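Take a look at the structures below.
There are two complexes below, and they share chain A, which is joined by chain B in the first and by chain C in the second.
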Partner chain A sequence: MLKEGQIRIPSGCAIAGIIDRKGGLINGCEIIKSIALMHDRSNGLGGGFAAYGIYPEHKDEYAFHIFYDSAEAQKKCEEFLFKHFNVDEAERIPTKKIPAIKNGPDIWRYFARVNRVRMKNARLDESEYVMQCVTKVNDAFEGAYIFSSGKNMGCFKAVGYPEDVGEFYMLDKYDAYLWTAHGRFPTNTPGWWGGAHPFNVLDWSVVHNGEISSYDANRRYIEQFGYKCSMQTDTEVITYLFDHLIRHHGLPTNVAADVLTAPEWDEIDRMDAQKKEYFTNLRAIYSGALVNGPFSVILGSNKGLLAINDRLKLRSLTAATKGSRAYFASEESAIRVVCPDPEKVWSVSGADPVFVPLEINEKEDA
Partner chain B sequence: MSIKAGLRGFEAVNEEIKQELLSKDKVVVEQVNGQRYLGCALDTGKTLEIHGTAGNDLACYLNGGRIIVHGNGQDALGNTMGGGEIIVHGHSGDALGYGMRDGQIYVRDNVCCRGGIHMKEFRAMKPVLVIGQNAGSFLGEYMSGGTIVLLGLNLKRGEKLFGTHCASGMHGGKIFVRGAFPKQNLSPNIKVVSLEEEDKKELEGYVKHYCKYFHEDYESIMNKPFKKLVPATSRPYANMYVAN
Partner chain C sequence: MAIDYIPRSFTIVRDKERCIDCGCCVRQCSNECHYFADDGKTVLADSQNCVACHRCVDLCPTHALRIEKYICDYRENANWTAQYQQEICRQADSGGTLLSAMGNPKPYPIYWDKILLNASQVTNPSIDPLREPMEIRTILGRKPERMTVEEKGKSTIKMPPQVVLETPIMFSAMSFGSISLNAQKSLAMAAKNLGTLFNTGEGGLHPDLEAYTDHAIVQVASGRFGVHKEYLNRSRYVEIKIGQGAKPGIGGHLPGEKVNVEVSNARMIPVGSDAISPAPHHDIYSIEDLRQLIWSIKQATDNTKPVCVKIAAVHNVAAIVSGCARAGADIIAIDGFRGGTGAAPTRIRDNVGIPIELALAAADQRLREEGIRSHVSLVAAGSFRCSADIVKAIALGADACYCASAPLIAMGCHMCRTCNTGKCNWGIATQRPELTKRLNPDIMHQRVENLITAWNHEIKEIMGGMGINSIDSLRGNRLMLRGIGLSEKELQILGIKHAGE
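Right after this comes the complex of A and B.
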């Protein structure tokens, strides 16, 4: 598999998300319909989906989705996996042969629990143990790439248009309470299967339209905490920032969003004392986690769905609500095609992150 | 007879519109789902009526034609339009009237970010943007000519007339605002002044049009005072990097 980074091609992209905050299930067809409407925003070099709530029968196990370039890579990776985890099931992810998706890797899925002896010996908590195992595989095992590692959720991605990727993975066979989707128009890098969005680690998945101009500052910050930015793409760093802020520092999701999109100093100067102190502290403590755009980003997790925009609002993102569902998309038409009569429609502004918390209890990581 | 856009691609829909317009002056398109470039460069004397959600770059390079949207618009509506009229019975996305050179746009509700960015005027070409509700951040960014009217109708409690960085880099043209507005969101290079007689006359014309299109009451709109936002200097960034 050719990784990114050797070539710089100086993004248009499409993103979409749907959540039912009461945990009601939404078939994969809906999100495909929404993202397919924005076909012209991507160029066939990457498409993908994240789905939450799809593996209820395995909800206490980690679902690893892995790309393999060769049997050799699979052998090495499985050796590692079987040592560090108790794997209950290993199977090829069901796919449908379609002409639009070709030259893909071998795609496998494993349902696994951590090897508790190894975990305890490593003196790590469970999610940190899993995170480090995933980082190890992606960093050190040539030809193997874990592109999904959460519980009761999964990412599905490929090189192709998103609607074709959805058909390829037969997403009409999956029902989820939260979906995100991405259609890619890679601009800085060529586009490979692993580079398609969503980017995932543990339960976090990120789809992103835009470019992170603060990438190197953010990378230097996050790599101090053991993360490795190995994909040469900016979306990866956002995923790690959220993981770090929410999992390591225990920040609520909306506070983590405020860290990434904190207001300019002159706006902070005009705030009332309490808000001023809040944002001054966030900017002082987490200056390395402030993200400069242009970006529109949807973060999926087992806590809910978060949509953010860069402070200068350089990418479009529309939100809508109806009943227990909330919809997000780069274009309003992509919402209306699946929800013709929303109760409320608005443009997500750079200053106001939108967080739709899930109101059912998904079991948190130990 | 009307054209059904449905889920077809923008090329096919635009081609069908083009063919219809060869023999007709007015074409109606229904079930529009975000198809781009509708009414692009439409000529004087032609009308396009759109039902649904109009896609990006609606009526770009509009060349004197008339566009009526029953629904909402998306981004870059009226991009670089050179003349004609656009009436939106709904709201608009980002970058409404981007680089607009002439003609008029009437939006019943709000516009998102960067409405009227890079609007310009030249001799008799004076573009006009009339917004019924409110505007997001960066309204009139880098504006060098033309007129924006912001009516502030139907604002809910806590909603502001415009977002942050209003008229950032503006160095020409004017923005009429009705009622209270968030002064702190104005860029530092902007002056707030009262309307001259000439301004009032100009404004009345636009408001009358707005009321006609969207059935609003002219008197009650004009009862609230207007202010005019203009650039304090025609070169706001003259001393940004070096003093000169």
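Right after this comes the complex of A and C.
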């Protein structure tokens, strides 16, 4: 059977996210509780989490989380990593043996800084260098897969129900200011750990529910700019779109969100001149980046959390706030289970992306 | 009487029980097939010149007429077919190049018929076009590499001129001269009401079409007929015609007989003189020359009009398209070898060029590999017979499509393929006043509009089935296509998978 990357596998899903915009820490138990409530939305074939702010002692280093299928793959990958990065620490990611999670790969993490000499020789800026190294490993080293490569953040994912995945990685030992979670319902699956969500590259992590009908239009658009959609998944292409728009084109996060979920022409035609010009230009320039079909997406980054929903509201996504915290989930109940008395609850609409920026700047903080 | 060695093509069958000898067919037939017998009352027919245009059939008040294929068997020969023998006889008679009209009729593969479309089931809902907005608005023109904003909701970018179409379907170039003014006017009126564009071809812009200049594409072809500054500015965009799918590599020839006062004025040539468009533009012998012409036109129009370069689909089409994009073309139109024409040398029409499906797929892919696809617009041309062909072209990578034969058929054309004779009984491909007056733009524009409106509905319905509600998400979305009965190589060039994969 073909695995992710060799074939495109559509999935249904549950997603959830919690952010404390003041940077307050939230224990992993909370997000597990939230996603666990939506157990029936996934089928045990993929679950995962992204956590931001979990490695304060290594906050200036890239945290690489890697799946290894064999010692041979690990040897090759480490050779590459040690050459291209200065690795300060390497360890197995602590996990707990539980019956629900089995047959997994060996899971390692590395804290590393870029090898500046190599980076300068490659004439790349830092993020481009890191991204190309990650792409290289994932493309070229059979049996090694970097599934997390940001700073002071990490993804944790596996084949299983999300609550089991959370227990397996002992996420109750982690505190983060931003969590996202995902439970997967693939329509056909080889059960590959790399195929679970979140999808991550640099600081971006995407959890997504839906099957985008614009996939190939988006893929062929983004591949013009050096990205390679090797996973053939919606999350991958959505992550690359955001990375490209925000990092390469310098667009603010909420403008990038407007590109993906641009309002309909009917609506644009009724707007005032300034807005009309803005959206018309946006849609004309980025027609290939418009995302179509049912989707709800939570994008995590060190800048904050962005939640977007498809233009026709074909997928559910609810938001709520209380104090400095904002909650997002496919179902309202999954919010109320961790926050029974929110101040505000609403259904995220297609034309109105919700961006919750982080109000602390980590660097200044330090 | 000299023997012409060629049996006729059709037989006019008259039902004598129905015929009332009213003479309608006599008045209608410009080929003079129908005539009154010596008694001055009985209507008879001589089928020799019948082209099967059906004018007499459709207008006969008692439905007494029928055209049938005249079968006169030759000894069977798969190699020396009747057609080749007849063509040899015609050339033996005339000593001239064979001329034909309309698109390549040969049985080459039609890839549209070997591509199947996708629809949503379960994992992704189809969208009901009666309930949800379905967007087919299409914006042509050069796009900047990136957007710049002051903040969300405030754009700071200065956009190059853009063309907003309310349908991805435009009308392809048909000059005044090759078609009648009434036919052109019908297309212009339809284009205006549909929110799309018609194309003047290389025949200049007739003053009667002034009201439609916002919906006109004006062409600059190798003969430069009717080209002046005001002409360029009275347009929505300017198209430099390098080639045409029906006759790649050669120019055009409008016989002097067709150059009446009106045509002469529009083209700025003397009455009765042949209008000859040279094979190449004699100021474009290279890509850098094309760049200069593009910039000259942009200068002459004060950078207010996008410039399109139209080329015929030839073997090296992908590299040529890329060159045009880099030479400054904002829109590139590719015309496939099944594209129509008013007149083309038969051998060229039937043997030169490649199908639009392959050319479009190759060009779109090439531009993407070079990272410049999003900067320019691609227009596909060369025979779109129905809305599904259009959907397939957009999914292969076209921004919009040029159609000509289909709207002509809507106006009465029966594809008799004798446009080059100038005797079009439907008043389309003729300049004879007694024929052109048969085509009433006030009625015909409505039929053309109906056709495109119907296609728009069908495109929306197909998109809805795919779970797509904006044509932006269909463009280049080749995962929505599957090949049927195609070789690995064909699939590879089209960039699609086989059905079942």
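Observations
One rule holds in what follows: the second predicted complex is superposed on the first by the 349 of 366 C-alpha atoms of A that agree within 3 Å, B and C clash if a C-alpha of one lies under 4 Å from a C-alpha of the other, contacts with A are read in each partner's own complex, and residues count from 1 in each chain.
Convention: a residue touches a chain if its C-beta (ideal position, glycine included) is under 8 Å from a C-beta of that chain, and two chains touch if they have at least 3 such contacts.
No experiment lies behind these values; they were computed from the predicted model shown.
When the shared chain is aligned, no partner comes close enough to touch A:Gly143: not chain B, not chain C. By the touch criterion defined above, A:Gly24 reaches neither chain B nor chain C. Of the two partner chains placed around the shared chain by superposition, neither chain B nor chain C is touched by A:Gly44. Once chain A of one complex is fitted onto chain A of the other, the partner contacts of A:Ala334 are limited to chain B, with no touch recorded for chain C.
Of the two partners chain B and chain C, more chain A residues are in touch with C. In the superposition on chain A, A:Lys275 makes contact with chain C only, not with chain B.
Contacts of A:Gly350 after superposition: chain B is touched, whereas chain C is not reached.
After overlaying the two complexes on the shared chain, residue contacts for A:Thr318 are found with chain B alone; chain C is out of touch. In the superposition on chain A, the residues of chain A touched by chain B in one structure and by chain C in the other are 312. Those residues of chain C whose C-beta lies close enough to touch chain A in the complex are 120, 122-125, 127, 132-133, 135, 137, 139, 141, 143-144, 146-147, 149, 151-155, 157, 159, 162, 368-369, 371-374, 466-470, 472-480.
Interface residues of chain A, counted against chain B in their complex, comprise 37-40, 267, 270, 312-313, 316, 318, 331-334, 336-337, 345, 347, 349-351. Across the complex, chain A meets chain C through its residues 8, 10-12, 187, 210-211, 213-218, 220-221, 223-226, 248-252, 254-255, 258-259, 264-266, 274-275, 277-278, 280-288, 290-294, 311-312, 314.
Against chain A, the residues of chain B that register as touching in their complex are 7, 9-10, 32-34, 36, 52-53, 55-56, 72, 74-75, 91, 93-94, 112-114, 136-138, 163-165, 184.
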